[in-house]
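Both complexes shown next keep subunit A, but they swap its partner, so subunit B is in the first and subunit C is in the second.
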Partner chain A sequence: MNIPSLLRRRLYKVNILSRLVSTSKEEKIEIPYRINRGPTDILRALESTITRDTTAAHYKYHDDPYLIPMNNLAKRSYAMAQEAGRKAAHWVRSENPELFNHKECDPPIEAFFPKLVYDENSEVTEMDLLHVIERNHVSDAALINNLLKTKGVEIAPETKQSLLELLCYNNSEEFLNEAFIEERWFRQSSSNREKQRKTWKDGSLAEEIFNSIENPNAETYSAIIQGMAKFNQAARAYHLFEEAQNKGLILNVDSYNAIIKVINFLKEAYDMRWTFVINLLEQMKATGLKPNLETLNSVLYTLSNMGGSKIVKDFAVKTLREFKNLGIEPSLGTWYYLLIIFCKDRGPKSGILNNILNQIEHKQHEIYDISDTYFFVTAMDVARNHLNDISLGERVHKLLLFGNNYNLIGDSYKESIYYRHYFMLLISNLPIEEFMEKTYNHLVPNIYVPEPSVMKEVLQQIDLNGAIEYVPKIWSDMVVFNHTNRQDLVNLILTVMVENQPPTESDLVEKFCNIAWDIYTIIDAINEEKFNMIKFTGEILGKILTLVLRNGDFTKACDVFEKLDDKHNIIVGVPSFDSLSLFVDHCIANKSPSRAIKCIQYASDSGFPDILILGARLNEKLTLDESHLNQLSKFINLKIH
Partner chain B sequence: MNLTQIILRPTSSKLNFLCRDVVKGIIVYKNKSSKELTPPNSSSSSSSSSDSDDDINNKTQKPDAATKLNLLLKQMVEDSSNAKSTIQLAQPTNQRNKGREEKETRTSQSIEKKVVNAVKNVAESLGGDSKQTESELLMKLLNTTETQADASNNLSDILKEMKIERDVKPDPSRAEQIRHLLQQIKPETRMAQISTSPRKPRRAVSSKLAEIELEQVDLFNGPSLSIFTNPSVLKESPQLATWEKLHQKELKLSITHPPANYFQEMILWTEQGKFWQFPIDNAFGLEDESKVYFADHVFLEEHLEPWCPPKGPIRHFMELVCVGLSKNSYLTVEAKKEHIEWFKNYFEDKKKLLQEVGALPADPAPPQSIDKQ
Partner chain C sequence: MNLPTSLKIVSNIFRSQTGMRFVHMSPILEKNQAGRYRTTPRKNFPLTYEMANPPHQIAHRKSWNSWNTSNILGGNRPSETAVEDLFIRKFIEGTWHALFLSEIIIKRQHNLIRIAGLVNRGVLPRKMYFLIGYTEELLSFWLQCVVKMEIQTVADKKDVIFKYI
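After this line comes the complex of A and B, so read on.
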């Protein structure tokens, strides 16, 4: 019965198979003669098979338990220590160049040779000048240029132009050696803030060279304009820009872009700025210059400094479309500017992040503009602070992890801000269990070490959800991350433990007791002269007292209470009445009436009104002798009248 | 909720302090103003509400003093705008005063009518745009009366507070009792605050998100600036070579992060030129040699032709030298040629001896024989 149908099915399958085979025969597979591989292609292919191991410290740290950094400070100092070693090696080589001149290897590795040193007596030629320009040695270039000048050697205009560009590019300052990757990674982006004021060195060598060129051409003008604009010497840059135009020179696109970028310095009013931008774009069109990505980003940068009105947003989108029509693809930096234009702190909420993500998701992005590295941190900021939308946050994170996009994170500073926003977004929107299991345990501490503010939020969420099983973990992390000197955090974790009392049979009671005792010993051990230290307060001690007592640890409780009683003149605040009352109860249980009376006296001194009850309880449970009663009546009577 | 509660509630001690501050401030103001206004009455300035009402009645009759008081009151109200709001929250309705207040408003209304008439007369007598002057004058007058009313209300409230506080102070046992009561409730209320307050915004946020239709932006469709309408005319502009090189380098460095595994480190070293490049090529870095064809290395006999005899022991020896040289991978072609040259010169020096021995043919004959061939 079944056989025919089975057979038919077989036949059908064979048919399909044969069809597949026949089609594949028709297709011609072309085997390329040879694919040229670059020197790093094989390495990159191998590297792409390795994913980040979140359970291990970063590759740059030594794989040794004592040398694995556990908090941000250690991460930075360990990496910088390594960098310092690298620098020391460079120093030794530059101090003793004669020791490093042996040419053992063939082909010779130039990176290992000592740098050629030029001084006033060096015999130099134009070739030397070209050589140092090629290697971006600004100070050497300046020196050689001077030497050539004093000797009266005429330099070719191309070399001079090249030197001028080098000087303009970095404001006649030396570049950071590219070997120092760690330093660049950890360097705080303070330079960003510096960008807001004029840093161009007036009368520097760059200007000298510019002035020494008799008939400056468009390229010469472009170089000096771009340099001045880059370091915010806006007025003079624009002056030269106009001068060049009056001479009928056709400047390149980059100098237009540079001027657009400093319009904020040139014009005060927003509408003036915008007409200025339009004007420049019209000029570009009139001279037949094709704008580029940099132009787009410069216009958006200017718009991003023009407030959050609707018209600005309108201009921004129109600009984007204009450049899209020209066939210029926006880079991540473009999207960064759009985000800061649309998502102002004050102002209507904008869903533009969603539209942007639709454009750029599931793609690997390259760097085209320096501002590209600001995108991810800003996008996460918008997802958290502007929209508080967890799905957008996850999409941004997914994009970051796609391909090599992680390279665009910027530097360590941006990275940690990015994760701060990401954590804050997840904490407040995910169930605490999911957050702890999937995110916290995954990323902490090797990828990200939470700042105290993030820790605080985690603790608050634990409190809110009563998820006290995470408290021991959080506390041990706090110890590792050096958060134990934060008064607010210590107080908060104590509050969480006091207010979410675990059931008596759970082992958490003991763990909480240990944590409380840890806190006590940590604060107790702190040298009082230390600046900005955490101090005992009545509140903290009261909570420690409660937690210790819940575990039935009477001797520790007595220690805590004695500290409270002895130092009552320097300890700020008083513990809660509940903890004192609990202590009295335990005194009763441990048949220690004198301690109980001391506690009642402390309570009375602190102005608690209910000591009567405590006294009554003590009297009821224990038979007090005469002296005890006398003591008790002294301060209780005082209140009763 | 009434004022007594606010003042006595120790939980909101902040509020308490605030109220007290305000009251203290007001005592000062009140004293000042009453001195200035009604020196004979100053003894009775101790804050009964009826007194202040009387003051207001006086004010309407004495516009000079009234404006002064207004100024003071205005200042006071501005200074303590925060406190004002809390006070307004707890405004007690004083039933007794209601009737009086109504009466008052009635009288003030009649006064207002009079004022309006007077203003009209003044405006007409002044001439010009009489309507406008009239309205301006009225505006001025009415505004002051309004703020007056406001301020007087506040004043009376505040004065009541003062009274209450004074009532309370001499009776500590009552205060203590209330404090007892409140303290017993305190932990609960605090707990409730803690547990509910963070939850609330969470709910609020989610609901808000659901409610608000987020502004969506159509990124690429729609009107553009329409400046570059004809892209075909535009041409790429030349860029500054060194500048562009530096820019590209900066871009590259900004995405070069500390290597995260050994392969990345190897990539970095390769790029810095410290590493033998993949794929492994044993001629890597031998740029000069790469220009030389291998045949030049291997077939060296051609260099023998001009001088070496076609046969005989020297020829045999030199051929062996060539074989040896052709297999040597450490010498450049130039060095090999030099090598052969050296032998040539050597044999040249020893020519006589060699000819005697017969290793070399006699001088003139061999070239001829070669020619013949």
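After this line comes the complex of A and C, so read on.
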């Protein structure tokens, strides 16, 4: 068939088709309404076409071979170092504010100007107080408040209220500057550790201000109650809560939510806690308050701390349904609480993750609650440890990569735990080739650097599958990730290489020899006085010996054996008999009887029973002279053979 | 009037009251020296590519060190830009002491200033990140706009040497 005829036929088809499709009716063209666009909409649209480039480091690092971090330590220290530099600049500015008073920018941008400094002699007014409250400068607010008090200036109740709210929000402590994002990202989430501890400062400025207000209204009570509850001063928060109610004040929803969240401190028994929750919700209903998402999450939080009985799960489902009827859309945090209620370590398996994913898949999620950032790490944990279900794990990961959902990963700590679970799940459920090609090579090292425990799992899977072609790659990664000081990992990789012997003609023999020699030089270079460092053991040296000999490198083998022999009394453990036997064979092949005798002597000292065979083999293959025979006969009786 | 007296008068015209001469009779030496390097006797003075090309090669073999639109017709703040660029160069010279191996290139776009250059790997990456953070932040406080550094590192100082003269 030539091309013109093909074209002709196609045209003919199109003709018929168009005749079939066309209708006689006039089609009405509907012009869509104009969509109002914001100034950044185009940028956002462009941004949405870009996904994370896995072949490059994160954009906060400089794109230069010298400056790209290759392991977790470097990632952290580079980002933090840059932030330290920025802090140094802030310090220079705060030390010399008089030098930075020029106003170059137009319109003025406050972030570029030095902070106003207040001290005991400053002339302050209420406006200054409002100014610093607006900018969340807690210590300045406290100072100005004091100054105004000593001067006897009366502050308006609204100002006092906002000052109280500021102090309660952060427990009268200074905020971490919002500009320092790296510190927030790398800060170990200390909130977990302090979760169960009272951190509210009793008798702090917040309480002082609260007491100074003569007739506190509902808002005032709400602020102090929320503050106390947030920092786990539960008993006093509840006391004030009751006090306000006795006065007939109507508190806001947030203070109810705050009290629900600290019920665990107020009541011991689980059923008492639940009746308390119900009571509070009834009260809300009676006062005509409409609960919100925070209420739902607080109730579920309380439930999640009430053990793993069936009744708790029922309550959780009922609560969810009730709030859904109210038209409250759950956030990721809600699902997080459901996961920890349903998927307990010691408890029946629950497939709730599947149902949750059906609800939230293929959607972009926003942050509504601080607990939202716990969802992904917990979901992956459940997929791996609770259900060990790879398809669920993949679905969770897909959801994470959807839209801007990656913003909900939390911080660096949660991110690395998430990927640890994800990797562990994939390693044990995927063929090793698929795992290495699709996941490992894709995500390591720019997105995730495996921890030693993950590396160990990878090596074990390589061992199980005999996929030794990946060993050189894994070893070079281990060197880059600073895993070479891990005794167990080094021992494991040597074992993998010894036990999966490559065919003699493959180039892996030489590569393995090089890896073994790398390990030897790394351990040899380590200063022995260093604490907690990897040390030579008989086992490691024996394996190195075997690998080097398989490549026929006799001189290196001699070095290794001499190390083994010289430090016999320092090195823990002995090599396997096979590696010694292999060494003797190579000594015979290289016509070096004195080394062979040394080796046999070493084997005899180490208490191997089969040294007679070695001696006999040596005697048979090489013609030994008088002195060698004498030496040999010192520790074995050759006459038997 | 005889000749000597007339010469005297003429010479008095050309003499100021302070005794200085105003008219030069010798030919002018039209020599350009700026941005050019003199050869050394041992021919061992290293030049980078930029240094090796004299100023008239700008836009032919090499490029500008400052990129901005201040000096075009109707451009904003021409003198301020020049002074600020000088300040940035001096600041970088001092802060990144003996680390920059190339000229410091300053590129301005809107309210963004980008500072580029080649840097010797003389300090640890960690310290380099500290310097980047410090320079960006302090210069942005000073110039009151966003300042970014775009550096490339060079393993060896000799890598940037184009020729010896």
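Here is the rule we use: the second predicted complex is superposed on the first by the 595 of 641 C-alpha atoms of A that agree within 3 Å, B and C clash if a C-alpha of one lies under 4 Å from a C-alpha of the other, contacts with A are read in each partner's own complex, and residues count from 1 in each chain.
By definition in this document, a residue touches a chain if its C-beta (ideal position, glycine included) is under 8 Å from a C-beta of that chain, and two chains touch if they have at least 3 such contacts.
None of these values were measured; they are calculated from a predicted model.
Placing subunit B and subunit C on a common subunit A by superposition gives a fit, with no clash between them. By the document's definition of touching, of the two partners only subunit C reaches A:Gly85; subunit B does not.
Of the two partner chains placed by the overlay, neither subunit B nor subunit C lies in contact with A:Asn211.
Residue contacts after overlaying the shared chain place A:Pro65 against subunit C, while subunit B stays out of touching range. When the shared chain is aligned, no partner comes close enough to touch A:Gln196: not subunit B, not subunit C. By the touch criterion stated above, A:Glu47 is placed in contact with subunit B alone, subunit C being left untouched. After overlaying the two complexes on the shared chain, residue contacts for A:Asp254 are found with subunit B alone; subunit C is out of touch.
In the superposed model, A:Phe112 makes contact with both subunit B and subunit C. In the superposition on chain A, the chain among subunit B and subunit C reaching more residues of subunit A is B. In the superposed pair of complexes, A:Ser633 makes contact with neither subunit B nor subunit C.
Smallest inter-chain Cα distance, subunit B versus subunit C, after superposition on the shared chain: 6 Å. In the superposition on chain A, the residues of subunit A contacted by subunit B and by subunit C overlap at 79, 109, 112. Remark: subunit A residues 37, 39-44, 46-47, 50, 52, 58-60, 79, 106-107, 109-112, 133, 136, 161-162, 165-166, 168-170, 178-179, 181-182, 184-185, 219, 222-223, 226, 250, 252-254, 278, 281-282, 285, 288-292, 313, 315, 317-322, 324-327, 342, 348-352, 354-356, 359, 367-370, 373, 387-389, 407-410, 428, 460, 463-464, 499, 576-578, 609-610 touch subunit B in the complex. On the side of subunit A, the complex with subunit C involves touching residues 62, 64-67, 69, 74, 77-79, 81-86, 88-90, 92-93, 100, 102-105, 109, 112.
Contact residues on subunit C toward subunit A in their complex (touch as defined above): 111, 121, 125-138, 140-145, 150-153, 155.
Of all residues in subunit B, those touching subunit A in their complex are 176, 179-180, 183, 187, 191, 194-195, 198-199, 202, 205, 209, 212, 214-228, 231, 233-243, 246-247, 249-268, 270-274, 277-279, 284-287.
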